[in-house]
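Across the two complexes that follow, subunit A remains constant while its partner is subunit B and subsequently subunit C.
Entry: the complex of A and B
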């Protein structure tokens, strides 16, 4: 009897311990949870209701319009063009930003003496406000031949590459892309660097003994083991690219014409410039669903390709 | 969901957030005593005023003058550039958190213009204030809605041509007085390798200035009732003088009147070109005159003349719009004081000081000779009834003006035609 009773007492003891551990944790989270619900969740959900109205953003006058705003999202040429711009910019950012980030990471992962200084320099732009970066680049993108990037191109004899960086509709979107890559490649570099430091050195040594060259080792060892870092980097780039706002708004304001509009700049203009708050909310809802869907599919696909060392 | 349900929902969330923030503040402060405003209870009243960065010094001067006469009243002031200012104010007004006094614009045509704000009940009427009698009757409707006045403004801003006198003198070029002379002047400067006119269309609102400078003569000069005719549908952008306006704008571009890459040039860069002598002229608003002088740092002198949009100078009609001003919020806890402040700054002395700081022509300035010399020819034209408000102040919704910016950028980029541009404007007008 004594032997049989002992486990029961122990279970009860564990139960009480578990109860004491969990309850205070819940109580401590409640204030933060309440604030989060009030400040984030409730306004987001109640804001969604405006997508079914024609509210102007000020005053009490509004009318229920059903799904009219959503119909307009999928038929309005400006919204669809903005979505196309965002997709093009996202693809550019995903490949170029992460490609440059990976090259930088491989460079500063080597044993060169200045690697810590270089890591800091490459990462520095990522911690500066996107708006500040955009204003700086506005000067670099000065179209006059004796200013900014055009002056540098002239100085090194590449006059034929001078551009009207922000004024030419066929170039302006890519100018924004270049600025974003410059700012955020260091951010990708840091993530890739963390991934590179997790690649076991023994695998490289064993492969070297087997006669594998640098390129082969990168392709067969480094790259597969970097898959988790690639997943994170591309996921962040896709989400950031699709909802891009600050840099576009500060650099071109969506122009010239509508050449660099993104869904986020359209949302802003519809709500705060045109006074179409209801329609703006509908675009925001559609964008949120699109970003979430793309991110989930991408995450699932990339996770399936990850391997462990 | 009905209007009242959504209204109640907004009030509820406002109440809940307000209570939560108040509770958190009390918790954070450990129960410190609080008073409304910055001053201890009983010692003074504090009002909030939100204004335009461009008029910051002039606004501060008005506030100081009022505080000096009313020692129990204090103001907290904050400023932002126009784009951010309109967004921030619109958000605060929408959330029911309006400042006591805030910047607003005359007429219709933008989200922070008088008509939509008055329609939404977000502006307090000030129709009984004495200073309104100094506002010309033709302009007074732009300060209000349905017979009531809501907006205080110091006066009228004009669009004209600032020119670099040194560049004109050194190259023996005369100031153009007619449209043909303007085209000739462009050709002369272009052959000298100097940009005839600096144009910074990368800054969206700059795109409209030459359009307005042409339209007031070409479109409205021939049909002074054009704005009303467009409202009734009798005229549209496509079948009015707006077509010739855009054609002439593009003719200036084809003649080589502008710097290269206007769509990639900002207003700051354009001002710098004029100040440096790389450009001879710039069509812009009068408040930019001071910025050009600052950028020049004394290297040149500058003058201003009306944009010669007419073939006969006697046919010239200039754009002269009521400048941005201030409104009182009807939800202000100190509405009487807010209105009193507007009445105070409406006094001739205060308005003239504000107008002078912003290169505006104050209401009631009967003698142009007393004005800044650069404004005198414009004041004379206004007195001769050869001026009309900026066209956007009479457009029926906030979508037309930004559409106007966009189509002009597209015309310069060659991605649209004049026909398409006019149709796009008509679509926005009827939206």
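Entry: the complex of A and C
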């Protein structure tokens, strides 16, 4: 590291004392690295190793069981349901949350007078704890006809749309999706807004003079320049969707049956309710591989579509 | 084509306001039910509370130990963020300034932590904390959040530092200040904008986090707000007036901070995530 001084300094005028270098030493990064290795990397690696054992957390007894845990992950009805639910819910969130977020952003990014108030309103739920939000929606999803959303549907004459929102296995997962869209569409909106503010007005003006209509301008100018924002939004919702825990745990606990089980709720139950630590970490390893693979593929694919303004 | 406020804008304004009203409906339900007595709620309907009953709030405050939970959340959030700023900015100072294989390798190792789902480390870390006798302490939570959020914090600081001219810090070095002194006096103050983002994003995440505090702190008396609310609602299920009063009390601190600092918060959320 010695002698690697920046070229901008005129060394002739300044004699450096022996042993002093212009570059910071590795000791600057050691404290952070140690904490990170102890809290994240070491437990994650040992988790990956425990996935091949029958560890139950009691004493030191554990046995290497090869791929047995993984065979169970891909044959057990509960974990299969969890993986299916996570994929379905993630796709729902990626499209609906970001779609609504984009519409809100386009609506707020205009000359309307209420834009600042609207932006505040739409974003506010994103700073509140998901568990707290879930208890609000637990009431809104009350199955009784005179409560929550069902009461509103009755009030506006749409009685036939009343549902057993969380009790009907074919609907419960989508109810959770609706709640997440309500909480996080404003988050997507904020990221899209930052992207829209980077779209030069001149491009719109030029295209408009050339006779391009609103829709055409949106498709040819706004959308391509929004690509970085789309990358961030979809990446965030994919990672968040696959790892989902808080909202499900507080709303349905994974039920009815396995209808809203997610990998994270199964990981929690297997470890902390049944003490199947080895099996629980096997599900976590599958989840980690899926999240990493999807995130990397998505990043590569979406990055290819980005253009410079 | 500087659009003026015409008929199009008016229509757009009205439709956005309609969307906002639909969006706010859950909030109306939340607030109105929190001011209703149990009997009033059982009578059904979503009308305004008549008469307004404020008794849910003191009951919820007492039974859910909101005050204590608020202080617990504050201690853990504050302690974690302080460590994240110190450790994160120091690490980034090295990672952004030194270009060597070692530096690059460490940077990549940190980036892995951004994508890695923490679920993989969940069970082993819980056992580690258990065996070290740290469950139920502030220290366990602060150590946890510091380790968990360091990758993202280091990533933000490193990206920002690469855009800060290195001449300033070096001039101080040449004037005889040590590296640490030069960093503290010259470089760190220049990191103020990204430190703001680091504080905002980590504060919202740590304040609202649920699973790990549920595992580490349940029954310890050091429960954070989400865990306290979860335990409270478990006891008072279906007493919606009480539940909603507790929900509002838990949400108000973060919402208040958001309203006061909203320009910074929105900017932090919008900009801090650019990779």
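Keep this in mind: the second predicted complex is superposed on the first by the 283 of 309 C-alpha atoms of A that agree within 3 Å, B and C clash if a C-alpha of one lies under 4 Å from a C-alpha of the other, contacts with A are read in each partner's own complex, and residues count from 1 in each chain.
We take it that a contact is a pair of C-beta atoms (placed from the backbone, for glycine too) under 8 Å apart; a residue touches a chain by one contact, two chains touch by 3 or more.
From a predicted model like this one, the values you see are computed outputs, not experimental measurements.
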Is subunit A touched at more residues by subunit B or by subunit C? C
Name the contact category of A:304: first (subunit B only), second (subunit C only), both, or neither. neither
Report for A:111: first if it touches subunit B alone, second if subunit C alone, otherwise both or neither. second
Is A:205 touching anything from subunit B or subunit C once the two structures are fitted on A? First, second, both or neither. second
With the two complexes superposed on chain A, say which partner A:122 touches: subunit B (first), subunit C (second), both, or neither. second
First (subunit B), second (subunit C), both or neither touched by A:157: neither
On the A-aligned overlay, A:141 touches which partner chain: subunit B = first, subunit C = second, or both, or neither? first
Looking at A:275, would you say it contacts subunit B, subunit C, both, or neither? Reply first, second, both or neither. first
Which partner does A:255 reach: the first (subunit B), the second (subunit C), both, or neither? first
With both complexes overlaid on chain A, does A:66 touch subunit B (first), subunit C (second), both or neither? neither
Could you tell me which stretches of subunit A are touched by subunit B in one complex and by subunit C in the other? 35, 38-39, 42-43, 46, 50, 57, 268, 272, 277
Can you list the residues on subunit A that touch subunit B in the complex? 34-35, 38-39, 42-43, 46, 49-50, 52-53, 55-64, 138, 141-144, 164-169, 252-253, 255-259, 268-269, 272-275, 277
Residues of subunit A defined as touching subunit C within the complex: 1, 6, 8-9, 14, 16, 20, 22-26, 28-29, 31-33, 35-36, 38-44, 46-48, 50, 57, 104, 107-108, 110-114, 118-124, 126-132, 135-137, 139-140, 146-148, 151-152, 155, 182, 187, 190-191, 193-194, 201, 204-205, 208, 228, 232, 236, 239, 242-243, 245-246, 249-250, 263-264, 267-268, 271-272, 277, 280-281, 284-285, 287-288, 291-292, 295-296, 299
Interface residues, subunit C side, partner subunit A - complex: 1, 3-5, 9, 12-13, 15-17, 19-20, 23-26, 29-30, 33, 44-46, 83, 87-88, 90-91, 93-95, 97-98, 100, 102-103, 106, 109-110, 113, 115-128, 143-144, 146-148, 150-151, 154, 166-167, 170, 173-174, 179, 183, 204, 207-208, 210-211, 215, 225-226, 229-230, 233, 240, 243-244, 247, 250-251, 254-255, 257-259, 262, 265-266, 269-271, 273-275
Contacting residues of subunit B [partner subunit A, same complex]: 1-3, 6-7, 9, 13, 16-17, 20, 24, 86-87, 90-91, 93-94, 110-111, 116-117, 119-122, 201-202, 204, 260-266, 269, 397-399, 402, 405-407, 409-410, 412-413, 415-416
